[in-house]
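Here it is: the structure, laid out below.
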Amino acid sequence: MKYWKGIEELDNSPEFVKNAFAEFPDFLPVKEGRAGTADDASVAPRRDFLKLMGFSVAAATLAACETPVHKAIPYLNKPEEVDPTISNFYASTYFTGSDYNAVLVKNRDGRPIKLEGNPESPVTRGGLSARAQAAVLNLYDGARLRQFAIKGKPVEFEQLDAAVRTGLASATGKVALVSPTIISPSTKRAIAALTGRYRNVEHIMYDVNSASGLIQANGGVLPAYDFSRANVIVSLGADFLGTWISPVEYSRQYVTNRKVRADNAAVKPTMSRHFQFETALSLTGSNADVRVAVKPSEMGAIALALYNAVTGAGATTGLSALAQKQVTQAATELRNNRGASLVVSGSNDPAVQAIVAATNQALGNVGTTLSLSAPSFVRQGDDARMTQFVNELKSGAIGGVIFYNANPVYDHPRGEEIKAALPKVALSISLNDRLDETGSLCQYQAPDSHWLESWNDYEPKRGFMSLAQPAITPLFKTRQAQETFLRWAGSNESYYNFLKDGWRTVLGANGGFQAAWDKVVHDGVANGSALTTTPFTGQVISVADATSRIGSTAKTGIEAVLYEKVGIGQGGVEANNPFLHELPDPISKATWGNYVAVPRKMAEAQKWSQGDVLKVSANGKSIEVPVLVQPGQAEGTVSIAVGYGRTKTGKVGDSVGANAFVLAQSTASGTLYHNIVTLEKTGATNPIAQT
Amino acid sequence: MQHVSPVREPLVTGGKTYHDVTQDICYQVEAAPNIRWMGALGVSLILLGVFFYSVYRTLWYGIGEWGLNKTIGWAWDITNFVWWVGIGHAGTLISAVLLLFRQKWRSSINRAAEAMTIFAVICAAMFPVLHMGRPWLAFYVFPLQNTLGSLWANFNSPLLWDVFAISTYFTVSLVFWYTGLVPDFATIRDRAKGKIAKFSYSMLSMGWTGSAKHWSRYETVSLILAGVSTPLVLSVHTIVSMDFATSVVPGWHTTIFPPYFVAGAIFSGFAMVLTLMLITRVVFKLEDYITLEHIALMNKIMMVTGSIVGVAYITEFFIAWYSQVEYEQYAFINRATGPYWWAYASMMTCNVITPQLVWFRRVRYSIVLTFILSIIVNIGMWFERFVIIVTSLHRDYLPSSWAMFSPTRIDVGVYVGTIGLFFTLFLLFAKFFPVINMAEVKAILKYTVNDGPTYGGANEGGGRLTSHTSPAPYATPGVPASAPVNYDKQND
Amino acid sequence: MTSPAITATSVATPVATHSSTKRFALGVFEDEDVLLHAVDNVRAAGVKIYEVFSPYPIHGIDDALGIERSRLPIAAFFYGMCGLAFALWMQIYMLGFDWPMIIGGKPHIALPAFIPVSFELTVFFTCHGMVITFYTISKLYPRFKTPVLDVRSTDDKFIMAIELDENSSQMPKLTQLLRENGASEVNHKEMTKF
Amino acid sequence: MDRHEVVQENTLAKYQKNPKEVTEYELIATPDGLEKPNKVSLWQDYQYNDHHWGMAIDLNSCIGCGSCVIGCQTENNIAVVGKQQVINRREMHWMRIDRYYSSNHHEDEFEKNGKLKTYAEMEDPSDNPQVIFQPMMCQHCNHAPCETVCPVLATTHSSEGLNQMTYNRCVGTRYCANNCPYKVRRFNWFSYYSNEKFEDVNGHMFTDLGRMVLNPDVTVRARGVMEKCSMCVQRIQLGKLEAKKQKRRPKDGEIVTACAQSCPTEAILFGDMRDPSSRLSQLLRREDGERAFHVLDSINVQPNITYLTKIRNGSAEFFPAEENA
């Protein structure tokens, strides 16, 4: 295999791209939509396709050319490093709100055809999640926007830039830039440039799978965990192998002391002991040595009981005998492994997280199995801030809004309200890659390029950085968001140069920056840090008031937990990816759509059978999903996957399943992914496709 | 001369003369088609239409039109295949095995039975071709040099054995059947009035004149064909059973299959022969040739083979238990008590229990009951194949891959369609070919109740007269001893 | 009571050498047994029987007419052996030598697996070889028109044909002879291109 | 069902006591005592002189995340079939992850409750079941039942131990799939790249844009042919070619299948069993008689894929260990 040594390209790249577009004045139309619809005529003729191909080859491989690339399409003089039918590998990075992966892009004749884990990465160490595996398909997603547009009318970059600049300048009141967590230092700098230019612009990050409770409980930082150093792991509903925070990284750590071998008679084979207290049978729970099914409302009590058992501070009441027994057992083993154990919780309730944090403190795990000094950055969203934004939006205090790969109308519990308020906003801009639920409500469309078409950098954990580089020229007339921000901020610098400049501080000028930079581009990963954690404003919750808060969370009625699927995740770009829809859920083996998983006893009691459609209602909203009888589901609870029920994502994902985000609770302290629901049979049936 | 037991019922009733035989049988060929025949043909043609539609859907869109899935790769297709092949076997059996055993009663049914064989095999052959994902490449199964270089066929594969077995079986039955037809074609030729009829039957009869030399060769040929067809017919279903017996699927991998399948084939075959004969004798008024005696005899064979099959079913269970192989035991328990228990139950009732009714003479000799019985057996034997194929496949080694099978409309269409094809062919045969082997029936006219011929002379049928085992001393020179009646008349 | 004169002529005179027309005396019989006896007597009388036509095979007629046993069985056996040899050669050559492939880890030449095909081909060659031979030696092939001496011979009559010379001089004698032996009628028939 | 042979697990305590007792091996009774199934063979086995590719899958490391399933799908241009076809049990994944729940009932109850009742009960998982994941793909058996039954020689064994499909020779009798004990063969029921029924879900095979993602090294299979895991033969060939160009043998770890490459926990190890120094050979030597087992060993199809018994650190008191599926 060959990695590219792509440097020579760098300077003539933008100019090249410009000319390239000049060469294809009317850009290659590619068939989208169903056969038989109006745009049938727009199917690309074969020769245009070849032209595009040839061009992309030239562009992507320009990289390696000593000689400047001519705009001749056929290989009259073949660029070096590129042999037809031989694949090149380029190091890059995949990060979409949820999981982070350092990847190698397998590039064949100028087009990325596969993603593979980057073994150089100290974070993911060559592992790659199913979502990242499938991500290459998103690049060729026909539902992506094909050019900039104002109120649906296609425009050139410059026109839109001008319009936006005036709009921002003349915006009355706040302008909110809403985005998911951003772990790219350079992107943050680009946004800073924008907010610097327009003081009224404010950057709001929120996470669909929020960890703000965890962050709050740990003094504003997201701890970096190291499961490989834990002999005893206790997880309170955290699906850290499947979907929680950084699953690929954790999986690799987790298995290092799950692998056993008995070839050395001297040392006994050992394994970590893994306790899982959870509601729905998760991927993590299915791998646990001890799994206890509990209600979400009991989580607090269990965390508390565990804390008390570990610290020896009195016993707690209100736990089932079994749970109590397990907790005691867990606590004993934790105590026997001080500094070599780990307690994690998936709850987004600061109180619960506070107790868990205290437990880890008590066990002396801080600094060994979890680190606050070198924290993780993959969750920075602040639910409270987002809630405030929604309120402001409704009150009309917002003069303009920019959505950068954010789709709150779909994935925020209060999406309905945003949807209602959005049209009233004077200036609404979407950088989302498609006309999704939110983007379609905005006046300006400035679609971001796919990450495989863009330069970028990432810092998932302090000290660990990685790069993304374009493996293909933009397929459509899109521009990567960072570049867009720079333009709006009035700078004409190319984002590539902007990014490279930023790295000078990381790599240090000494020892020849260029050489170091080349290495980074080649490896895709580097050590160093550029991100700063935002100073923590909120107050740390003490164990005492956490205890009191938890005390008052006893619930009655059927509790529902909302969980992410390993494949579809939060229903972002993944939602239009057929590979992920057809990837069977590891536990239920169900594909194509979500369902309400109920324990067998409940199903028998209520006379529900697999496939019966239920109306699930909470916070005055309701969705209809079929029943799936799930062993291991805690009694008196049900669970529903989020990420489905998209309406504007593309023909693959539209109207597959139902949107369960509406059932989440948006509380002052943050979004809670469980709720009390009422279930009633609709009489309809909808078979579940299980493999 | 052959000894004839005094207790035997006449093989041909109604005291037919040679000429009557010719008359009765050629009548169907020469007369205009009767309304019942037209009606029957109409129905068959409609079913044939269904067949063509289903085949079009299958070929155009793919096997996905059927109900198969990743676990159950064969269901109705191969079930029907085995069912039809099985049915076919009775024909050869009657014409070959019974010929070897000198069972004279076969004469009046063997012609139709052989025709049935050929048509059944045609229907059967449809399925191995249609069930292929790419039927247009079916010729790959023949060992031909091809564009891919000298890539031949896999002679280890039971499916390839099938190819050879079925094609041999089909062609051999065809020539056997045709050779038998030649003399009768000659008869029709010599009676034919119309030009076309004269011409076509002359072509068909290949210039047969019935000379002694031809007859002697003819007999040699049919004897050898019979001798060879007997092991052939056994081998064919043995090989079909090996499709399953040589596999690793629990419930298929069973050494008892060959004999058990052959018995099953004869069983279902005779059932089908009965069904057809009972229809034919009514439609064409051939009650004198296909008598209650025939029906009773075939019933007995059915009952015997049915019992053999029943024993086989039980043996399978015993072996499964005796082998102590987990998968084997589960396969059979699942067969009887699993989700497909109903198929198993109907198989048991239809194939093992109902045929036992034949012990009652009344059932044996009742047209109606026999007809119903034969239909039930046909259904039962279809279920047997379904049970073997589907219930074994749907739950084999890895529980993760267990699945259920549900047929689609196209599945049903193809099956019903072949039935249409079968009856269309059979009705056409019955109209334009002599349904009963005249030559052979004439040869056995003499054998009946009291030992000795009853031939009543050419001009007047009826009445069993004084026996003539050897020519009597002549009363008057020139007057044939074989025609006493005429002699008396002349005296009037 | 037959006269040597008749036999002399009927046997001695070479007939129909210069013309394609043949003349026959046809004895029509009603019953196979009568025919059988007639055949014996007629041959005893030294008359050469041209051919006997019957609607169905008559047992014992071959001996009566002195037709030697057919050698078809030997031919059939020979064909069968060819089939077997061919089958074995084909399978062993194709899988064993022309392109040996690993199939389920079995030996290239897995003889037990070759048995079914070998058997089937043996049968195939036997039957078809023999049947083709039968039709060929019996000169049976599709023809537009089939000359028959007496069409009733395929219905219910047993015909004994005796060839005559140009002027059918033996006719009266033969008529008498046949009638004496139970022929229900005796006809004279001319046939061209027979 | 009570099928130890399919997927095996045991407890850490037992493993610590005696690693040789954690895996059950089916033995065949022969005149000279109990023998391993592969010792009882009718014929001489073939020698793979150059390479003998194989895989080892550690059930301890596999967490069931499904990354390999997608990795395989992207690498091998595997069609997406959509909800209805999945309901019809016609998904095309070459690689799947079998999930088995534990049940409270097992063979011990045969005597007590009788086989029928027990079998029925064993189909019900317990309320809080133990779960075991088993990645399942073509086992590339050296005595492959599928190869024997194909009438047209469309599936045969390579001289490197791979069970290979010849798509353009396949006529689609599906006999191989029926005869596959692991049910890993997948049939193209429709032409997924042109049948309008699949344009929505399988769009990337319909448009020029989408087709850019297809791997040119792997055919898009036609309607009516059988397909299955090829052990990424295209990658093996590439690796061999690269090595050949440099006049050397392929190095261990140089060739990696898509599933092994994508596995975040390195549960899948691919290698050359002919090369005694390869990690695979070493692993197999080490685990032989301890955790290494072949699925359905007793039917003696001699797979080239070896599984390692799952070891649980669960104490029976909290989580009674039970048989699976």
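First chain written, first letter: the chains are A, B, C and D, and each begins at residue 1.
Just so it is clear, contacts are C-beta pairs under 8 Å (C-beta built on N, C-alpha and C of every residue); 3 or more make two chains touch, one makes a residue touch a chain.
What you are looking at is a predicted structure, and each value in this text was computed from that prediction instead of being measured.
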{"item": "Pair joined by the larger number of C-beta contacts - C-D, B-C", "value": "B-C"}
{"item": "Centre-of-Cα separation between chain D and chain C, whole angstrom", "value": "66"}
{"item": "Chain centre separation in whole Å, for chain C relative to chain B (CA means)", "value": "29"}
{"item": "Gap in Å, rounded to a whole number, between the CA centres of chain C and chain A", "value": "91"}
{"item": "Rounded Å distance, chain B centre to chain D centre (Cα mean)", "value": "46"}
{"item": "Junction residues of chain D, two or more chains touched", "value": "89, 91, 96, 99, 145, 148, 153"}
{"item": "Contacts with 2+ other chains: residues of chain C", "value": "103-104, 106, 110"}
{"item": "Multi-chain contact residues (two or more partners), chain B", "value": "151-154, 156, 160"}
{"item": "Chains grouped in pairs wherever the two touch, ordered by label", "value": "A-D, B-C, B-D, C-D"}
{"item": "For the chain A and chain D complex, residues of the former touching the latter", "value": "30-32, 34-35, 43-44, 49, 53, 85, 108-109, 111-117, 124, 126-130, 133-134, 136-137, 139-140, 142, 241-242, 247-248, 251-252, 254-255, 258-263, 268-274, 281, 283, 286-287, 289-293, 325-326, 329, 475, 566-567, 578-584, 586-587, 589, 591-593, 599-601, 631-632, 651-652, 656, 687, 689-691"}
{"item": "Residues on chain D engaged by chain A in the complex (per definition of touch)", "value": "12, 15-16, 19, 58, 60-61, 63-67, 69-71, 73-75, 80-84, 86-87, 89, 91, 93, 96-97, 99, 101, 125-129, 131, 133, 196, 199-204, 206-210, 212-216, 258, 261-267, 286-287, 290, 311-315, 318-319"}
{"item": "List of chain B residues in touch with chain D within their complex", "value": "61-64, 67-71, 73-74, 128, 131-135, 137-138, 140-141, 148, 151-154, 156-160, 163, 243, 246-249, 326-327, 329-330, 333-334, 337, 393, 396-401, 403"}
{"item": "Residue ranges of chain C in contact with chain D within the complex", "value": "101-107, 110"}
{"item": "Contact footprint of chain B on chain D as seen in their complex", "value": "1-3, 6, 85, 88-91, 96, 98-100, 115-116, 119, 134, 136, 145, 148-153, 168-175, 177-179, 181-183, 185-191, 195, 222-226, 295-296, 299, 301, 325"}
